[in-house]
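Heads up, the next two complexes both have chain A, just with different partners, chain B and then chain C.
The block that comes next holds the complex of A and B.
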């Protein structure tokens, strides 16, 4: 494999919660985003998925580990390199409405990243913005409108256009279709696929909706309480997941073609507070297979099958595969 | 006898020339113990239907026509005025966002007891004991301690359980659940769906489940009703409707669902948007977005029976075979 475009190595993010205490939102996460792929990141709210994305983009300071862009540590970047990096990695947020400034027209909002970067002449910037808006399927009459005059789907298109004007290589989509109706969601997902091909994008797609992630992603990482618990290709994960949490997550997804209640594993309780995570495997409080050992030893994410790693101590007993066997 | 019978429900908003119609001739019945799904995109009229039934539409800005009878009691009189004795109507509602539906400055215990004391006329001690029992019934651990908790101290799933407990405090025969699981994670959604199903079964309670998620409908509901632009366009048993939809709109909603199996393929979309209330479309309202529209579709459409329990508002549903999902 060539050098990954963007990689996180053992990245941790801690936030102060008062009284000298900290919450570790992301705990030793490693991810590799290779050129041209779509990596899906799933997990419940509170699992740290958004924080991973923000850490990767430099929107939150990391307290441990390294973020690398094309193999180089971003913390060592000077102002110029830093600017190049932020142009190359852009984000589309969840709520299309609050991501747009209500006092700016769509064209102004979409042009803004270029204005900030002082790129070229104003006219050229305007042209780039108009082109991006065309690419996302917004007609020219929308340019002078304000966010409140647009529908949810149109607003999300404008947000995508704004992420594209800097001609990025990586697009981070944080729950970008969660606020939309099914029919609109399908339109935006189709649009993202088209743009991915046209702009040769690499995508980090964050969502709690497994059917959406399964549809767009080539590989999927599953997060739980700040840790990645399973990493696999989409086929491998959906076909045969090797971690009890992923299994429960997959089975909880309501499906139209299968209403059998038997396949469902209903997890008890809520995700524990990351301020005081349970000792050992962080999933042990809700895992139906948890044993004494799971409360003592924290399982590392180890390869099980080629391209498929899992952080469960009991992989061998539960799934009949040895940990640390397959190629990394 | 049906628990709820609604006939010719029409809702208008605004006055005089600014008046727009939000619901057109909605008829529906719910049998005791039945879970009925009400499905559609935003703007299809599902929430207006449930708010009208709950009596939550402001009479100064809206006008209700038609008849609705729940358990033998009319919900409003001929002039659309709300039944004065509404408090005794065995009807309750659970809303989408529990954080905004609960009062942030009162403990969940006091909010539960308030309902019990006004609706069921209990004294303080009775209300307290009943509140603890209700919290226990909705699966909240250590209910006595949770009585003293404020909404912000609870997780999203727990708050929604409290909302369900408050709804149950009215001892409803019909529970209207408006997108109750949209704001929570899938794992919590699975817990809440199980809870609602088991409560319906144990108490013989009917549920009108408003949702845009066909997966949820497939898991929880017995029958489903598809709404579009303020009209019912299809209804029938869930398995039959999802297996072979009778209306192109239901088919479109199904086809737009992504799944790992369809990776790399383009998702089917429904071109255009739900027309805003007040728009007049000649004939079938779905015609401008329908891939199967023919000249005859410009005539007004009625619900056409397809089988004993199924109806669809599409003249071509018998001749065309709309793609459903294999179950």
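The block that comes next holds the complex of A and C.
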């Protein structure tokens, strides 16, 4: 396995919610993003996946754990290293419209990262921005337009171009296609695949849509209520999920040729509030296999098969695999 | 046969009426501007020359708007007074913007203690009725148009401040601000000048236009109470005050400054609406 470019070790993020109470949006999450791969992070709304991305980018302060860039703790970075880090890790946001300043032209917005980093001459920056816009398939007549004059797909292309001008190594895509219609989603996903090859990118792809993540990701981490519950290669996860929550997610995926109705596992109720998470396994309130023990002991994320970890106490009974077996 | 007016027709009519009031407002403001610049050239007489043989004359060829109680030409006094009134209003609005805009942006952008302290001061200022505070300040500092309009400016500043604060707070949570932070943008120039100011300026300009009207009325009120412009200097408020005293001898004269104030305030208000329409980024 190659060295991790960006890694999160036991990262927690807590937000104050008035008084002395806190929401633990992300609770002890560890992730490793290896050079050249696409890691998919999936979970339903409120599972903390966007907060993980923001913590990795340094956009929200972390209350525990460490974020490492090429093995070095990001919190210890000086101004110069910090700049190098923000140049190397770029983000594409969910809503293509609000991510662009309505009073700036597309060219101004796309050029902005270079302006902030004061790279080279203005002329050169402009050329880099124009090249990035060409790479994402926006014609030069779009340069002087304002965001409201572009379609959703064009805006998301501009956002991607802005993330590319600094020539980053890591691209964090936070629900980057969720606001687009299905045909456009496919277009943007293919564009991201092409750009990944062209710019030699490593991608952290966050989505709630398993079909989208399954299409782009090499590995997938499944999040539930601030925890990672399963971690595996895409093939292994889709082919043989080892966690009841992932199973439920997989069963919700509509199939074209097969009737998905009978194998569908419908989760009851909403995701519990992270202000007062349930004791024991976070998923026990909605899990069809939950037992007494699940309400007491919180399962750790342990390897079950090689490269496949699951955080379920009953993994052996349910899936016939022993916890800890895959540990090298 | 009944005439059916469709909604589209009503909307068109309304839009035409809207356009007309805009053109009328532009015309009024253009006249005001010309008078401010060329008052000395246009005026038929010197504004302060007295002629006690010809007091309180009605409108005539020699004195198109008549003469006041000291025999001064009312038209000339109105023209010169326009300059004083408009500059006084501009002074008050400028002070309001200079105080309100940076403090409002700072409070909205920084939040926390800065916001708490600024807003408590604003609450204190706002708890005084505007004119009363201005009267209080001029009463202690001595009646003088500069002091009076500075006081008005201070009193008007919370309206700019609160607007700038609210707009900044709304912008602060926009994704494009987060995006800018994600590639390392920070600092006053990068964040506030590039992203915040252009996005909040539209409602601020509207507010400035509205405040111009308000400041004109404030000048007239203070001068009417003889706390603003001091004799023999002329202003709309001063002319109004003088004509009020002799209302029974020359009843027409009070309408002249009154109409000038009303028309100009109206024009500034329409201008405010028009700025809003013109600066909408969706129109570009």
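The definition used in the following text is that the second predicted complex is superposed on the first by the 325 of 328 C-alpha atoms of A that agree within 3 Å, B and C clash if a C-alpha of one lies under 4 Å from a C-alpha of the other, contacts with A are read in each partner's own complex, and residues count from 1 in each chain.
Note that a contact is a pair of C-beta atoms (placed from the backbone, for glycine too) under 8 Å apart; a residue touches a chain by one contact, two chains touch by 3 or more.
If you're wondering where the values come from, they're calculated on a predicted model, not measured in any experiment.
If you put the two complexes together on chain A, you find that chain B and chain C both fit without a clash.
Once the two complexes are overlaid on the shared chain, A:148 sits against chain C while remaining clear of chain B. Look at A:45: by the touch rule set out above, it reaches chain B but stays clear of chain C.
When the shared chain is aligned, chain B comes close enough to touch A:190, but chain C does not. With both structures placed on the common chain, the touch criterion links A:107 to neither chain B nor chain C. Put simply, the three-chain overlay gives an angle of 70° at chain A, taking C-alpha centres for chain B and chain C and rounding to the nearest 10. In the superposition on chain A, A:117 makes contact with chain C only, not with chain B. Annotation for chain A, partner touching more residues between chain B and chain C: B.
Of the two partner chains, chain B is the only one touched by A:182; chain C is not. In the superposition on chain A, A:313 contacts neither chain B nor chain C.
By the touch criterion defined above, A:91 lies against chain C but remains apart from chain B after alignment on the C-alpha atoms of chain A. Once both structures are overlaid on their shared chain A, chain B and chain C have a minimum Cα-Cα separation of 5 Å. Residues 44-45, 151-152, 181-187, 189-190, 193, 208-212, 214-216, 234-235, 238, 248-249, 252-259, 261, 264, 266-267, 270-271 of chain A are the ones that touch chain B when the two sit in their complex. Note for the complex: chain C touches chain A at residues 174-176, 178-185, 190, 194-195, 198-199, 281-282, 284.
Those residues of chain A that touch chain C in the complex are listed here as 57, 59, 82-83, 86-87, 90-91, 93-95, 98-104, 109, 112-113, 116-117, 146, 148-149, 159, 162, 166. Residues 41-42, 155-158, 185-191, 193-194, 212-219, 238-239, 242, 252-254, 256-260, 262-263, 266-270, 273, 325-327 of chain B are the ones that touch chain A when the two sit in their complex.
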